[in-house]
Amino acid sequence: MDPTLLTQYVLAGLVIGGIYCLMAVGITFIYSVMKMINWAMGEFYMIGGYVQYVLITAWLGPQRWALALPLAVLTVAALGMLVQRLLLQPMFAGQLERLDEYATIVTISLTVLFRNLAVVLFGPYQFSPRDYAPPVQLGPLPINGSRVVAFLGAAVLLGLFALVVRRTWLGLALRSVAQNRLGALAAGINLSRIDMLAFGIGVGLAGAAGALLAPVFLVYPESGALSTVKGFEIIVIGGLGSLPGSIVGGFLLGLVESLGSVLISPSFRDVYGFGLLLLLLALRPTGLWGEQAREA
Amino acid sequence: MDDPLLILDGLHKSFGGVAAVRGVSTTLARGEIRGLIGPNGSGKTTLLNLVGGQTRPDRGWVVLAGRSLEGQPPDAIAARGVARTFQLPRVFRHMTVLENLLVVVCADHRRAGWVEARRDAEALLRLVHLDGLAHAEARTLSGGQAMLLQLARCLAQRPLVLCLLDEPFAGVHPGIKERMVQAIHETNRAHGVTFLVVSHEMPTLRRLAGRVSVMHNGAWIADGPLDAVARDPRVIEAYLGRPGPGHGPEEGRAPGRAADGHSGQPRDPA
Amino acid sequence: MIPLGWARALGPGMPGASTVRAAGAAAGLAAAALLPFALGSYPVHVLTVALYYVILASSWNLLAGYTGLFSLAHHALAGLGGYTSALLVLRAGIPVPLGIACGGILTYATGYAMGALTLRMRTLYLALATWAFAESTRVVISMEYGLTRGDLGLAVPKLLAATSPRPYYEVFLAAAAATVAGLAILLRSRIGYRLRAIRDDEGVARAVGVNTVRWKRFVFALSSGIAGAAGAIYGHYIGLLSPVGMKFDEMALVIIMVVLGGQRTLAGPVLGAAVVEVASEALRAYGQIRMVVFALTVLAVMRIYPSGLMGIARAMARRWLAAA
């Protein structure tokens, strides 16, 4: 196997892995703060793609895609906060039991809602904004310009995310809620507002991924399904509730898919991740970095 | 004591480097009612968990009626005759009070028929004066009623040789407390059931227990009749953090939990 | 694997179980059996599919609603049962009913294994693990083109020689009735008490002597076996199997049916499956908006009236009885 070709594929895997990270980090972040799994993450990804597309085609034009991006992300985040306030907030209002079930049923219903709403509003067609940038030469292998943009965008967003979580008051509040809800409440933190923001940030990351990848994976009602799958694959691999696990898991998945495609067969691309996932489930069900999944 | 019911021998349990139970050894005689006191964080609940099977010891033995409980899951231990209540009242919330007791009858090792089972369950509810609420959903019960139901649930187990009660009187209405004491006495006298009662309520323990053991920081520090234990300087130091005459846990209120930084709020309503 | 003593533990349920209700159910069943003769082929087909979902929803309700094991792999087990039966019939030439039985047995064993592997998992991890299993199974079936013809679909031999759906309707009706009746007996028995106790507080259930390990495995196995057998019968009815039917949307549909109808009731999944499936077909002309309506309804139910349709029905019945 030609080493330079191998390197290109590794790089390509890392590029796509970086984007997968966005989804995984979003899922894990929401879990850390709200202790729930949002099964509709893929749909927020899908909405991000649609909003980006609509912004570009109906208003800003393809040249100003970079302006459309933050707008799309903010729209998705706002939608997320609305959903959280209306549907998920009651989870914590006290009387509800079996929160996990409630959250699962509600977010799965959202999946159905958003997916079918997209078909109703836009039809089952696939849309695609024009590529964000011309192809980039990485040695002899040209990488699609949009993918490079997406990778850089993901890197920027994850960097911003890390900055907010580590260095800002908001980040401190978020971390404290993640570690000890009751303690944070006692310290005077407004839990409902933090929950709302956390959810908004989490789905915002997914929306960003959708907006960034709109020209690569196209925009259509089912586009969320695959990213949900990838996102949860990474969660299982990297461990629920672990941010480093999500990032490492994301890159790992990208690498495994890319190398599998070139070393074994490209048509099973989506399967390699599952192979890794099943292996991990058998050996270490909580994931590489996972917290204990055992009941208290 | 020959043929003790329960032998604890050198029990050790640590959680992540913190020793919750350190080298605890004692024996319980058949038909004994033993009190277990100690400041919060002294390892009392962990000890109950070790006997009940909810936790495995790092070292040491638990021997019930001559047979080791090593490696046994909680349901197997229950089948041997060990029943327990939990510190926070845990009941089957979506079942009625009566059904809560019927679950006990449906345990894997039980063979009774429904008619007999229902009869026994109703009798138990009468014993603890919960029969009026037999068809109420368990989640509508007050905290004290739930504690009472937990006790009834214990008493519904067959075989029943040892009852572990984890702070059954905490925050409970005096009327309900009285019913509990009567039920415990009745069961102890009529069926020879042994009780290990963790509690902070000294007056109630005095009525119930012949002997009281004291734990502090995971270790067994004193053992004997309540009056003697109350005057033991080690016990006083454990509760108050300094030796002092006449300031023992005897004073009828939950002892100051200053050792752990909790406020010394009395537990039962005045 | 089949817990000894569960047959003994079944026995007659708690005395007081309503004979009126049983008589009513029998009458309803008789009426349902005669229904196809009054309807055209297409409505009968719709009802047949609805009955398939009744079995799926009821068995999932046993697992998730009554025992609290929120599995997201139920639809995959139905598909697995279907493919197992189809492939055995096609490749090994066994008769279709035997194939269906094999499908059920394989999924029973699979469910048992899943129960064993997820014993100590909290709800969310259980959901993730079962989701991962379901997706993996779908992908593997999709990929094993040589065996399953992947996304092109597998042509499945039919169970009966009939061209009309009517005899299939009766088959599914019998299967659905057997499932619901069996569940009724199970839930009123000692096993039912154990399962409900496991859901309400597993630690306490264990502490009073319920072997939670054994019963969690059992209920996973049983509900999976039922789903697999139902999936197999369905495959031999439609005549075509495809991994598309094992997508997550199917699981979402089952959840919607159970939640709308009323979790932790026997009639809830029946009602939910019937209503959702029939409404889905009736509104087919309006396109995807019907799914939007269902999703919104479930969200409203979860938010406002978690007991679903059965809850509403019971509340109404109580009011009538009080007024009478």
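Before moving on, here are some points about what is shown:
Read from first to last, the chains carry the letters A, B and C; within each, the first residue is number 1.
As a working rule, contacts are C-beta pairs under 8 Å (C-beta built on N, C-alpha and C of every residue); 3 or more make two chains touch, one makes a residue touch a chain.
Quick caveat, the model's predicted, so the values are computed rather than measured.
The remaining chains, considered with chain C omitted and nothing else moved, group by touching as follows: A | B.
Taking the mean of all protein Cα atoms as the centre, the chain whose own Cα mean lies nearest is C. Between chain B and chain C the centroid-to-centroid distance comes to 43 Å (mean Cα coordinates, whole Å). Annotation: 32 Å between the Cα-based centres of chain A and chain C.
Taking the mean of the C-alpha atoms as each chain's centre, chain A and chain B sit 49 Å apart. Shared interface positions of chain B, defined as residues touching 2 or more other chains, are 93. Within chain C, no positions touching two or more other chains are listed. The touching residues of chain C, when paired with chain B in their complex, are 5, 9, 12-15, 190-191, 193-194, 196-197, 199-201, 203-214, 264. Listing the residues of chain A that touch chain C in their complex gives 31, 36-37, 87, 90, 98, 100-102, 104-106, 108-113, 115-117, 119-120, 225, 228-229, 232-233, 235-236, 240, 268, 270-271, 274, 277-278, 281, 285-286, 293-295. The part of chain B that touches chain C in the complex is made up of residues 52, 54, 73-75, 78-79, 83-84, 86, 90-95, 99, 102-104, 106-110, 114-115, 118, 153, 156-157.
Only residues 64, 68, 70, 117, 120-125, 127-129, 131-133, 135-136, 139-140, 143, 202, 247-249, 251-252, 255-256, 259, 287-289, 291-292, 294-296, 298-299, 302-303 of chain C touch chain A when the two sit together in their complex.
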